[in-house]
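Here come two complexes built around subunit A, the first alongside subunit B, the second alongside subunit C.
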Partner chain A sequence: MVRIEYVEAASSDEVLAALSQWGPDARLIAGGTDVLMDIRRGKYTPPVLIGITEIPELQGIRPTEGGLWIGAVTTHHAVTMSPLVLERYPVLASASGKVGSHQIRNVATIGGNICNAVPCADTAPALLALDAQAHVLGPEGKRVLPLDGFFAGPGRSVLARNELLLGFVLPDRLAGAGGSYHKHSWREALDIQMCGAAVVLTADPGDCRCLEARIALGTAGPVPRRADAAEAALKGAVVNEELASELGRIAAAEARPRTSARATEEYRREMIEVLVKRAILDALAHIKGARS
Partner chain B sequence: MKEITLNVNGENHRLEIEPHWTLLYVLREKLDLVGTKEGCNAGDCGACTVLIDGKAINSCLFLAVRSEGRRIVTIEGLAQNGKLHPVQQAFVDVGAVQCGFCTPGMVLRAVSLLAENPQPDATEIRQAISGNLCRCTGYVKIVQAIELAAQDVTTGSGVSDE
Partner chain C sequence: MSNAYQVVGKRAPLVDSIDKVVGSARFGADIKLPGMLEGKILRSPHPHARIRYVDTAAAEALPGVLGVITAADTPMVRYGTIIPDQTILATDKVRYIGDEVAAVAAVDLETAEAALRLIKVDYELLPPVLDMEAAMRDDSLRVHNDVPNNIADHIHFERGDPDGGRRDAYACFTRRFTTPAVHQCYLEPNSCVATWSENGSLTLWAPNQGPFAARLVLARALVMPEDKIRFIQTFTGGAFGGKTWQQVWPITAVLARKAGRPVRIVLTRQEEFEATLPRVPMIIDLSMGVYRDGRLAFKETRIMSGNGAYSISAPAVHYVAATRYDSLYRLGNIRCTADLVYTNTVPTGMFRGFGNPQMHFAGESMMDMLAEAVGIDPVEIRRRNAALPGDTSAHGWYLGSCAVQETIEKAAEATDLVNRRRGGRPLADGKTFWGIGMASCIHVAGNRTIYKPYDGSNARVQVSGDGSVVVYSGEADLGQGCRTVFAQIAAEVLGVPMDAVTVAAADTDFSPFAIGTVASRVTTLGGLAVDLAAKDARDKILAAAAENWGVPAQALDMENGSVISRSHPERRLSFPVAAEIASDALGGKPVIGVGEYRTEGVVLPDPQTKYGNIAIAYSFGTQVAEVLVDTETGRVRVLRFVAAHDVGRAINPLGVEGQIEGGIAQGIGYALLEEIKMDRGRVLNPDFLDYRIPTSVDIPPIESILVEPDDPNGPFGAKSVGETAVVPTVAAVANAIYDAIGVRLTDLPMTPDRILAALREKRAGSQPSSSGA
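Showing the complex of A and B:
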């Protein structure tokens, strides 16, 4: 490893100043579990790492206007333990709890998981299904963008090199909605997903007719993505096992997985069908459970 | 080089480090605390586990420069006045150590688990140590050791470190 400088930023303005001073090769470091591995593997060698975990603005989980704020440098462990997340958006707690190991979750952050932008990021399908809004700061000021559209390709987001992800807002509208995240991997722990599926849905507690639905897939294409066709078929329909099976087939058909060392395209497609079905039935059980 | 002060096992160390050095590298190569092991160097095996402010982390994926102002505990810091920590003693009593390479990380993860959850069941123990690989024991004795240590904790012989 060649020499790399380190700057600890105390505020988001200091981050922008450091990015402007050091130029486009500078790297932000939050938990660092991906960044340090990328450097070790020679993927890039930044002249400087800019530490962002001490910035109060990027920390914490708290109610905010229209929803729940989750700071970009919140660790996965903090997400899984947060009473607010567990109560309102348990699907996200479940996804954060499936990242890496306990030791990794103690340092790795939710913002890092998203900015790293790999197709297999565990929190991506859950945040997509929760309609998360990403709050981003750049030299021109703040902008808010839906996470759906945040990913530009494998390992790439729409963030410019001089921008900083501040955090996410999850909408009040989906607080307490039925939700479930399923991940398929060879090992039950400390493994990267072959594919994943998150479902968030609201339904009439009486006849189980779906009011609003979000289905998002991991490792089902170059970027984490929503399953639009399956969502359209779910909305307004009565949710039951037969429908869940059908939606699994629709999601598998619209998914664009590829063959890699971890799994073949065909196997991934079959597993997406299974995971989507299971996630829908879990989300439905969640709704029925809340009713009784 | 950058000058930092690291608090390791209750002692402050003034050190000159390169900003990109990992905590694992500094512990082993600059402080001669070689109880912390380098296994995969990729966050997969947990052999490099240490406690930072009571939390288990992989020191191979943590920059030393970010450890300043925090309380670091390595395996060398667990025994007090020549007396093994209850988790260490349980590993000895049960026979949970074979080659020993995973043991420091396994013990520290167990210490942090019992601080969070003083009475874990076997499933919770297995989940908790899923980031610590052992290629010798098959984990059975390790799980037994942590169960025994948990009993010691509840009967008052006590895991004092958080």
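Showing the complex of A and C:
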């Protein structure tokens, strides 16, 4: 019979101590909606699970220097319901609200969604499009790294085995920017994404000329990624339906989706085109709505 | 419908719903016996392989393991529901990924799982037979060595003059329709608990659809007398056809005998998807034609049905697909050729609708194509062809009651279908299309072919001296609500409130013989038996009261739960008092009413021509779907369903509506989402993450319209609805999609990528729009 120890950490220092004590096979657990499934499927059998949800440092949504702090163990439900997130970064609330089911959103955390590093993580495109900074603690101290570059491959992040994700900071610069997340899946609820697209943009409210733009894609390659070429084409351009369609095509061309039992590469690429177009138009409508 | 009844026809919450809601109902996996072990099954990882040897020594040596079985521990006889092609565990070959090879009983699940990993099986791999068309060729490898061309069953029949019909048709079409294997997805997985007594008798607890039918096959598999087996039906958390036969039953039995202890096996969801009995997949080549006036000229069908590795009930499913649809309309010219084909894939079986949804998808899609070809609407073509009460169909089916016309009209009226059809015009945004579609259906209430010796049902109604009533029936409640219907019928006949009636669980030691819950037969046939038994009990009570009063029995009657004198209605006895008198007259024993209902006017169809009236009643329905199609993504949203069903008299309208809603939900999944995906015999999506059934937000509002002609044969005029509800759903969705975007989808499920591909073909002008005779 498989026995797995469980350690409930009270502080981030305790986490680091436990990680150094138990070695590289130890696993952190927050909501557990991925970790427990992986263990059950025999993907790995850690000697210990280190619980991190009770650590105050990893909790909460609050204004911080330069932006909004979202603790790693914040549940999707909390993100979805946060007045601060809804007001400043509604695209993230929308993305968190599309994860799994009510039951899953009540326990699964935003940090877990990112550290699990699967290409279909719903919050990844939104956080990428919001230029989120990941705050990480390791034996050498704290480091801050942009989320763009955080994913190393399917199921892998750049975090070392002895590091802990504390949370994210979303920049004030993009608070209130136009934003939209579109998820394509097979049914209306309780589903993973076939692909997803998040757009965040600021534009001149007068002529709708784009000032700053971020387009990020889910399940469009081995890791969630920005659509660089589409972003470049968007920046400085006047945003309209025609441009949105063109950017959809550019994003689809630069995406690297693959064929799996769930969907073909071709169909995913077609959907990326549609989702990017729709997300841009929604973001534009958001800006126009804020102006009027 | 107004009626003179007190209980029948009233909306009755299911009598066992509270037990289920509060968690006191005991389902299969809840059964625990002292000393019980946990069992696990070792399954083949190969679709087709010869077994050289199985070495269980290491597994047997593992501490905590009390029994390991292989084929050598079983009688090794071949058995089957219809075709004897199965053994309890694989003997010479494994024939699909999931085929049972060995099993282990241990003190806990982890030990049993560890023991499975210690069993060594030496396989000689054989090329798998996977494609139906290739499997039927003379040079194909055989799944079963004694079955040439891998054809488990072949059907061919003709009625009238199909060639003449084709010649004289004004328009006709030929299309290939394909339907995948889909799973019943009952929430409760299959399970079994088995224990043996010292005298060699076996007791099993399992969720199932008919303990007598299960026992019959078990006795053959275990080579033991039927009456040495007691099969107890536990609360059953859904079945939909999937719990009529399960290999886990004989495996648990043999394992318990070997271990000398009670054993429980509960299948995992993965085992459910990989190794139980999903819906028979079909390839249907259908030609149909109409005369200028919209009457059907002919139907010609070529069906290939996927049997999988073993037959179970697929031969019967395949026969239903070949025949049943034809009696929906006044259709005389028919030719059908159908083959049931073995492949090295999961054995298929019965699933709500039993081959009928497959054929209705093809036929009802075709009806809309034919309507368009002659320039009439979908309502009109169905109305012109629909069967009428009193008809004898081309297959000799006598339709004693038949309100399909009324269901067509009511469904059309409720949705204003004729005026709201879009004919492929987009909504204002240019990319979203709305559409509406209709499909009708026929189904049975009972089927003479289910059990060769006999058709009917039996019941006992026991009235104790205190006036409490127990109904005994061997027919199984799977959640569909037959306990409630039986309680209503008994309460109505005896004039007692429903809560005075208990319906006992089905148990082969105590219940009267029953064929089981298949073929939408239980309300009708089981209900007739309960009706007879309750009347028998009532007559016995009346006779005792008459003797007590010194009057002839004919002078008394039962009214509102009291025995009254016909001539002096003020003279009355309350039911409990009358029951006490009757019981006292028997020396304190309860009054036992016996009901033995045997069908009349139904026959086993001719084995070659398939001609003959198979059911005492037939149910009908028409459903209308409204959909929204996003032509950029290909996603279809179902917005609304209206379902008019001819169910005969609804004994429990609440239950009927529940059946309709559930059937439509299942049909929407079949239409748009569900498919057991396979690659070289391996199921690619054996879990609810990648096998998607609709969630509550995928299901639209459903409006049920009950059309209630009194059937001359059914109890209180009742017919059936359980399976009927899913039969037309897929076709209604397909027809609504066609109305929305002008493309005809012929492959299920109608997924977004298929819809986009069909739209592309249409734009390229390659979608066939019509064809000559």
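The rule we apply is simple: the second predicted complex is superposed on the first by the 291 of 292 C-alpha atoms of A that agree within 3 Å, B and C clash if a C-alpha of one lies under 4 Å from a C-alpha of the other, contacts with A are read in each partner's own complex, and residues count from 1 in each chain.
Simple rule for what comes next: a contact is a pair of C-beta atoms (placed from the backbone, for glycine too) under 8 Å apart; a residue touches a chain by one contact, two chains touch by 3 or more.
These numbers were taken from a predicted model, which means no experiment stands behind them.
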For A:Val107, using the defined touch cut-off, is the partner it touches subunit B, subunit C, both, or neither? Pick first, second, both or neither.
first
Should A:Glu270 be classified as contacting the first partner (subunit B), the second (subunit C), both, or neither?
second
Contact-wise, after the overlay, does A:Arg40 reach subunit B, subunit C, both or neither (first, second, both, neither)?
first
Can A:Arg262 be said to touch subunit B (first), subunit C (second), both, or neither?
second
When the two structures are overlaid on chain A, which partner does A:Asp207 contact: first (subunit B), second (subunit C), both, or neither?
neither
Taking the superposition as given, does A:Glu65 touch the first partner, subunit B, the second, subunit C, both, or neither?
neither
Where does A:Ala189 make contact in the superposed view: on subunit B (first), on subunit C (second), on both, or on neither?
both
With the touch criterion stated at the top, can you tell me which subunit A residues are shared between the subunit B interface and the subunit C interface?
1, 188-190
Hey, which residues of subunit A end up touching subunit C in the complex?
1-2, 184, 186-192, 261-264, 267, 270-271, 274
Given the complex with subunit A, which residues does subunit B contribute to the contact?
2, 18-20, 22, 41-44, 46, 49, 55-58, 61-63, 65-66, 109, 127-128, 130-132
Touching residues (chain side subunit C, partner subunit A) in the complex:
108, 110-111, 632-633, 635, 637, 673, 677, 679, 684-685, 689-690, 692, 694-698, 751-753, 756
Provide the residue numbers of subunit A that touch subunit B in the complex, in ascending order.
1, 3-6, 8, 29, 32-33, 36-37, 39-40, 49, 51, 53, 77, 100-104, 106-107, 188-190
